[in-house]
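Look at the two complexes coming up: chain A is in both, with chain B in one and chain C in the other.
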Partner chain A sequence: MLSNLQARYIKPVIMALALLALVLLGLFSSSGFLSLAIIMIIYSIYAVSYDLLLGYANQPSLGHSLFFGLGAYGMVLPVLHWQWGFWEAMGLALLAGAVGGLVVGFLAVRVTEAYHVILTALIASVVFLLAKNMTPLTGGSGGLSFTVPPIFIGPLKLSVYESSTSFFLVLAFGLAVFLFLRRLVGTPLGRVWVGIRENETRMVSLGYNVYYYKLAAFVTASMLTALAGALYAIRLRYVSAEFFDFMWSVLPFIWVIVGGIGTLSGPVLGVVLFTVFQIYVSDWWTHYLIIFGLLILAVLRWAPQGVMGYVNQWLRGRELKAGGKDVGPTKSHIENC
Partner chain B sequence: MISNITFLFLDGIIWGFVIALIALGLSLIFGIMGIINMAHGDIFMIGAVLGLVFGGMMGSFWPALIVAPLVVGIFALPMERWVLRPYEGKPLTTMVATIGISFIIQQVTLMVFGGEPHMVHEPISFTIQMFNVSYSGYKIFAAIIGIFCIALLWLGLHRTNFGVYIRATMEQPEMADAIGINTSLIRAVAFGIGAGMAAFGGVLAAPIHKVFYLMGADVILFSFIVVIVGGLGNLAGTLVAALLLSGLEGVLCAFFEPINARVVILLLMALVVVFRPRGLFSA
Partner chain C sequence: MSDQQKAILKTVDLVVKFGAHAAVDGVSIEIYPGEIRALIGPNGAGKTTLLNAISGTVKPSGGRVYFHDRDITGLSPHLTCRRGVARTFQIPNIMPGLTVRENVWLGINSRSSLPWHPFKEAGKMAGVSSEVEALCRLVGLEDNLDEMAANLSHGDQKLLEIAIAMSLDGSLLLLDEPTQGVSPGEIDKFVSVIKKVAETKTVLMIEHNMDVVLGISDLVTVLDHGRVIAQKIPSEIVNDRTVRQVYLGTL
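Here is the complex of A and B:
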């Protein structure tokens, strides 16, 4: 029914349309709606970077709240205490994320699956406790408020306090990250990651230094997570120790699993679906975490490749029917996680 | 000063026996089924809560000490068979799935019992003079019960047929299956035992710490550190690690604030991960 050409181009077309819709949104909608959209884009940056780590390099981490918080504090503290500008503070946030990623990755990447999960979760938990305790530095759970400095881009001076500026700024970041990662997974580096995911032993026997590649993925993901954290702090004009909360490590996993692991576009969908769900259900029932828990169990059991996973399978089926090349059996590698 | 440190070390070790119960359950569950049980701390909490409830119903602590873990253990069996079985062998999946279960347990407890911490009275109150300090006799008593329970576990594992089946399933599940051991039953029972032990620890700990729906969070954090240092699935290693780390944390509390003592323990764990990733006591 769908010709080969059509099946191949359907996704990019949809994405271009979505982008157009977002731009129109930014120009014409209410600030309440924009607010939600901004949050979702920030979450998408986080989700997509987590997909890089989990879906491509096959590193199951549950400690990313650490980098989220590091990015946020890396952004806020210099602005608050030393009056740094926007880009300098952002640079520091990214650096903090990278360094954090190096340190944690150094420990975590070398161990097997089970230990990796536990280790990352542990380190993040302890940092969370520390942050809650070191109130003079971090503001504890109460947090620190700050004023976001103006953003200088060439001759322009922008302020995040205008809601449409804020939206387009975040959209620009989101687009940049998404395109960057799309590009990255197409490079030889990206192919190595996929190779590691599919058959690590084989990659080792082929002579690849798997440890360094996995560490590279870890650090890239942690840097981008830090970016998301910094943007989140900017959005809220606030940061607190709660940014290190374990929930921030679980959420990206949910976004990626619900949306579609290893697809990069899936996590964005996961963010949208799940955030909407969260808003509605938590409004309705204080104990919405129970539904959250049931949902986790259900998705893991019956749909581990997520929405995009199904979509991709369907598209591939169409492509085969229309006479396209057979790209081999699809493998939901989450089954091997 | 020395007596202070010795005192803290002993206090740590005494608490370590209770932690060992929980950590052993965690290690056992991982060793047999590959489940990283994030809900283990909540099972501990449920044990404490049920201890409170049954204690109230039966008028005394002692029957609750037996009944609560039994109830938890019995409920855990079908839980493993029907809910957790599909995820087994996949560490990340089990971790997130049990996080989901953890949310459910915590929220249900919150709904039913509310968020107020409850006090449970020590069933036997006496103090012992240790190094010039009046030390709670109940804690020592709890440790002794813990030792007894651990000894029972060891006996069960090494001196009974069923224990042989459990150890076989742990080491070579496929072979065990091939020679006709009912590994499905073994796994469900092992999960029940692990959960029961955590619940038992919870009941024991209830008079020491208040009963509160989030009380599992700190315990599970420490238990995971213990299990990594001792080696996932390595029961003897886990026991030694529980005692050592607990005693060490106690001593460190003489010099640092509790949170910083915890950070030092974490750093030690990091060292173990770098130099002996299978655990300090692995074969």
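Here is the complex of A and C:
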């Protein structure tokens, strides 16, 4: 039987162990396995930043492929045409995501729920079509290949063509994003987002100008999505108009819903589950997405807060059994992360 | 209410129209600092609409609203709130998934100079938690600080609403039926809470419970069909003929 104390430390311990496993993986694993891990970490960056928007600031965007693609092109184009270095191009990619988020958010943040979904999806679809047709700039669906420039960190010169370097670089970005968001949701800004999700009209009559708060969430999420897009392009050494494809808007939604909306570790779990599922089940059945669709329905039916929401509830029950104070069926949504 | 004293809230010929129907039809009232004003009237008299027009939730179609002599007509609700008009709602309007403590925290945070601070840790802000506790003690929720708001009883949710509104530090408090749906046994608690609240704030409240109205208000304004039909002290209001006809007569 777990004691109260043990139950509380389960998640940090699991996270520390996962991190240790990742480091060992980076040092000793085969490159095939590493490349899978790299993809998962990039997806995770995308997933957690998307959940900041969906799970914390309550904005169901279905057009985030736009920022994913912007980040990728923001990285690739300056390297290709102007021979920019790694960090400069990365900076431009983030800037492209932030500015794109500001422009789209300027409109999209004004509408909620279905209208937000439709508007963001519409804008992203238009950009997708444009990107497909503006072949001289984007390379269209055929895409553009590029050589990733060396990365200078102080006196160090690193190359992503070395698979463990590539892995640790992406891992560092992933950790930075995770810790940044973890910190952010605990600040007054993060709590106001949760307040808006819980009751927007009340927040208005509490004196909050919710528009700016929601816009801030939109821009932050867009910028981090662009980071994921840039890393993905670096990973493939390639970008194409397909980065703007609708699929890239749906994926983060699925990761978040399956893993646990309104948490930070949930989306990561969603990525792992989905990716592993994709690899192993697609091996023996081409139409594996049908099974995954059914699984999503099952999650929505029996664990509407996602797998991590289920885990949180279970942990809460353990704490109660161990003599903790009953403060309700679940913990406050602020504390779950 | 001496004539020299300046009104804290003044409406002049306030009109709110929904299509052709005037829900509030030329209301002019003045409320003075420290007062508890009750707003009564039959259903559909325009009481809540009047409150909404003052707090900015609906835009007036005509007339003006002055708060501390400044024109606040048609300002958005978040701006009237920042000027110092705090309000509660008829149906408990709280953040259900957050704890009592976090609910009140959001109110206190909104008046800080940097409510969107992106670096400080919210849980460790100096002075805030003692303020949260003081406000919860004021409404009698000091034992429920870490309880989820959704799990509170209806009465406690209404008390939490008052605590949230108090946390805004406004000078005027608009209470929309604070005792609505509250069990008779809890009414006394509400009366004493409103009395305590009124020690530091001016209160304008819509109230249906006549015991509460007669017990604590300084002045009663009666609304019918969007118009003020009477405005008297509680002891006189019960004997007013028009009021008896439109309002008390139906009891």
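Here is the rule we go by: the second predicted complex is superposed on the first by the 300 of 337 C-alpha atoms of A that agree within 3 Å, B and C clash if a C-alpha of one lies under 4 Å from a C-alpha of the other, contacts with A are read in each partner's own complex, and residues count from 1 in each chain.
The criterion applied here is as follows: contacts are C-beta pairs under 8 Å (C-beta built on N, C-alpha and C of every residue); 3 or more make two chains touch, one makes a residue touch a chain.
All values derive from a computational prediction rather than experimental measurement.
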Which superposed partner A:P12 touches (first chain B, second chain C, both, neither): neither
First (chain B), second (chain C), both or neither touched by A:G142: neither
Touching partner for A:T187 - first (chain B), second (chain C), both, neither: second
Which superposed partner A:T201 touches (first chain B, second chain C, both, neither): second
Contacts of A:A216 with chain B and chain C, given as first, second, both or neither: second
Which superposed partner A:G317 touches (first chain B, second chain C, both, neither): neither
Set of chain A residues, in rising order, touched by both chain B and chain C: 334
Contacting residues of chain A [partner chain B, same complex]: 60, 62, 107, 110-115, 117-119, 121-123, 125-126, 129-130, 133, 250, 253-254, 257, 287, 289-290, 292-297, 300-301, 304, 334-337
Parts of chain B lying in touch with chain A, wherever the complex brings them together: 30, 34, 36, 83, 86-87, 90-93, 95-97, 99-104, 106-108, 110-111, 221, 224-225, 227-228, 232, 257, 259, 262-263, 266, 269-270, 273-274, 277
Contact set on chain C toward chain A in their complex: 55, 57, 76-78, 81-82, 87, 89, 93-99, 102, 105-107, 109-112, 114-123, 125, 146-148, 150-151, 164, 168
Contacting residues of chain A [partner chain C, same complex]: 183-184, 186-192, 194-195, 198-199, 201-210, 212-213, 216, 325, 327-330, 332-334
